[in-house]
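After this come two complexes, each holding subunit A, first together with subunit B and then together with subunit C.
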Partner chain A sequence: MDPMHGRMREQPKLAGPTSYERIVLKNPSEHHYMKVQLEFNGEGAQLSATQFKLLVVSALKNLHGEVGSSLPLDLLSFDEKTLCAVLRVCSRGLVKLWSSLTLLGHYKNHECSIRVIQTSPFLLALAGNSRELDLE
Partner chain B sequence: MLRGLEACPRHLLVCEKSSFLHEKSRHSALVQSHYYNCSVSLLLPECASLPEHIKRTVDNFGRYYLVRNLPLHEFVKEDFINTFVKKGAFYALTYRTRIDQDNSAALLPTGKLILSVDKDTYEELGLQGKPSLYSGKNPLRYIIKIDLTEEGLAPGGKKFQRLNWAFTEKKPLKCDFLLAWDNTGAPSILSYFCKYTVKECNFKITSRISRDLPCPVLKSGDLHGKPEESCSSEELFDWLGAVSNSIDCDNDSSNFISAFCCPHPNTMVERAHLCTINGFVTPENIQRLLDQLREYFAEPKLTQWVSLIVHGFADSPVSWKECEHGFFKGGENLYSVVVFNNQDYWLQMAVGTHDGCPP
Partner chain C sequence: MAVFVDLNITNCKDVKKLQNMIEMAAHLGYSTVAINHVFEFESKKMEIGKPISTKELFSTLPTVQGKSIPIKILTRLTIIASDPSHCNVLRSTSPSTRLYDIVAVFPKTEKLFHAACTSIDVDLICINVTEKAPFFFRRPPINAAIQRGIFFELVYTPAIKDSTLRRYTISNALSLMQVCKGKNIIISSGAERALEMRGPYDIATLGLLFGLTEGVAKAAVSTNCRSAVLHGETRKTAFGVVYTVKKTCLEEEEAEPVCKKAKKS
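Let's turn to the complex of A and B:
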């Protein structure tokens, strides 16, 4: 076992000043993240996170068939009040997901659409949106 | 065709490790050269409320200003250059202009005025510029750079007159501007621009405490991480995103809704404090905050690291220094600094497609 390992356990401090190192990662993210909002035309419907995920998967299936609906897709967060969601999709599925969301028009006989608010390969980028800086 | 459908837009993540104690440490230079920031967050694991010295720094951020319909020729006035630009640390950026469709402008603290304009405006202005790097073979967008501190730009000189003529007569451009000046004890922006509608804006500060959070184990000397020992810088960057967006990391791989989980190895922290400051934040303020974060470990703490997260403006014409920045799909330009308790740090800088590699 590494002799440093035992020492670190006894001492909460980390080892001495580290040397400089830089790594540049090109296209490091396997996933893309999308912040979207579901909007209804007129009276809307209540949705749970599971129902929203089903809605997105069915949109993918309608446009891209079984291949589309089997894309690795995660619903990272969903706000039932504002109907805002954060989706994660594998990078190669971004175009398929985006096109399916664009063409989505109905949920249980309610007319609806999905607005893409922000998209990024970095989840952290969705936490700050300068276009939402409202000073009015 | 399928390959084109599956290609993902290029993006870069640069990770660095170093120590604040190194003489040649670049942390200050990198913070100071990321000029336009719309939000700063502090993530302090195992912290219930912000320490007094950090809270004081946040409260002393001062104010920034929104000036409506400010003509660009105001920036090339002798009085303005002498009062603000030559004293340094003056920041201006167009507000609510979209870099991919509108004309936008930024005045850098170095005294450079950078305009990103569409083809029509460029031709009407008649100033020398270069086609945007990201506009393809038939450029529809041009970048004009004007150094306001240059000697050749003396009042009354030919260049000065041409600039004034371009901005007042040829194409009088007007925009809403965000202004900030990190210089106290000087004539205020409010009184100088009293002819225009100026709004004094306060920073919006929000705090959130997450409880029982899985938190990655990090080793400051190992950026790449090792299985079962510590997490890599890249994994941490992902996790910071999850915490900042209040995303639940406690899922198992068979969960229908989400299989997102915290990187391994991790430890459970009882609480983590996330404080976010939104507004037009100057690099000087971020530098002060970073200095205070280094002080955080002067007293023993339960956590071994804290993090500072900074988001740049998606519609700014530059990201770092004078590196051209565009929007494409997200316009992301952000960085995070992880401060360790032994004065080591990690720096992670991320940019999207229309952006050069961070310095």
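Let's turn to the complex of A and C:
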């Protein structure tokens, strides 16, 4: 993120020099990133990245309708072996996306579930999972 | 810190399946689960069975993800009440309900719902999520239930299975929220398979959909459940439960730098 973006600098009103500078971080980040994994019972279906995106969009459409399915949503990466994906969604739509992923239960007559592994406003945070650290 | 609890894992004969579900719950980060024994009166003379012994399920209990403690397994009894006589087993201090950690009731009629909220000695009241609510939720019984420390349970598994049931779940939840204002709600899975379970943070987000606020939604899977479990314990014993915990080596901890202390807790 651009460090200058979203910051408001207040100029000190007094003529004399001040020892501090107040920086207010006004806006929360524009996007949220989610790391999710699709899980099947035993051997499930094989998916490509396009099919996965379609699955997510149809889940959104099922729960939130046309408005939900037109949220700005991107699939940043998808691993076909582990079925792990990184999604980017505008912050407003996070709850909508998350709740529709939670309520997803089927894919082409296979039972499935989407496990949300991590979610963060910063993409870099998804590089490592603090819950899997071995603190010894 | 509040730990996450799922108070509704459906009991089944298949031990392997049950083990799978509990392992999944531990993997998702639930610290406590309750195995639900549903009991429905079909004939007049039916005895409530004994709960399955939780100790025999695992030789070593699965470890909760993110913590190094083993998962805690409780037992729960749900009585489906469609006739006032069904609640007699709950009124007396019957030995059969004493074996369970938590007792819940699923009232089918408004009268029974009123009775469950005001007089019957239970910990949880199940809210019907699989059909349109057969009666309106009125304020007096619900306020009485909140006063008595009884919790209302919403189950989310039907919402995963089918879109019609999902509609009923959300609409019934919203109409309940209108009356109880998000107080004394717990959300639990009611899962019959491991894949039907969802993580605690997923459920907290789902709570937003039910009209809860963020803090209340998280409480619905953590602190409220703990209160319900403690309510169950008071029912078993007398007036209250007091836990005493020994605080070990206080001085030594204080000598440590702050960053180390944060890791321990």
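Of note:
Quick note on the criterion: the second predicted complex is superposed on the first by the 106 of 136 C-alpha atoms of A that agree within 3 Å, B and C clash if a C-alpha of one lies under 4 Å from a C-alpha of the other, contacts with A are read in each partner's own complex, and residues count from 1 in each chain.
In the analysis below, contacts are C-beta pairs under 8 Å (C-beta built on N, C-alpha and C of every residue); 3 or more make two chains touch, one makes a residue touch a chain.
Since the structure is predicted, the reported quantities are computational estimates derived from the model, not experimental observations.
Contacts of A:Arg115 after superposition: subunit C is touched, whereas subunit B is not reached. When the shared chain is aligned, subunit B and subunit C each come close enough to touch A:Arg131.
When the shared chain is aligned, subunit B and subunit C each come close enough to touch A:Val95. Of the two partner chains, subunit B is the only one that A:His32 touches; subunit C does not reach it.
The wider contact with subunit A, measured as residues touched, comes from B rather than the other of subunit B and subunit C.
In the superposition on chain A, no contact is made by A:Gly42 with either subunit B or subunit C.
Judged by the touch definition given at the top, the superposed model places A:Leu123 against subunit B, while subunit C stays out of reach. When the shared chain is aligned, subunit C comes close enough to touch A:Asn62, but subunit B does not. When the two complexes are laid over each other on chain A, subunit A has residues 95, 131, 135 in contact with both subunit B and subunit C. The touching residues of subunit B, counted against subunit A in their complex, run 5-19, 21-22, 24, 38-39, 41, 66, 95-96, 98, 199, 201, 219-221, 223-224, 233-234, 237-238, 240-242, 244-248, 256-260, 278-279, 300, 304, 309, 311-316, 329-332, 334, 336, 340-344, 350, 352, 357.
Interface of subunit C with subunit A (complex): residues 28, 65-66, 156, 159-161, 163, 166, 193-199, 201-203, 205-206, 208-209, 263. For subunit A in complex with subunit B, the touching residues are 12-29, 32-33, 49-50, 53, 74-78, 86, 88, 91-96, 118-131, 133, 135. Subunit A makes touch with subunit C in their complex at residues 39-41, 62-63, 95, 98-99, 101-105, 111-113, 115-116, 131, 135.
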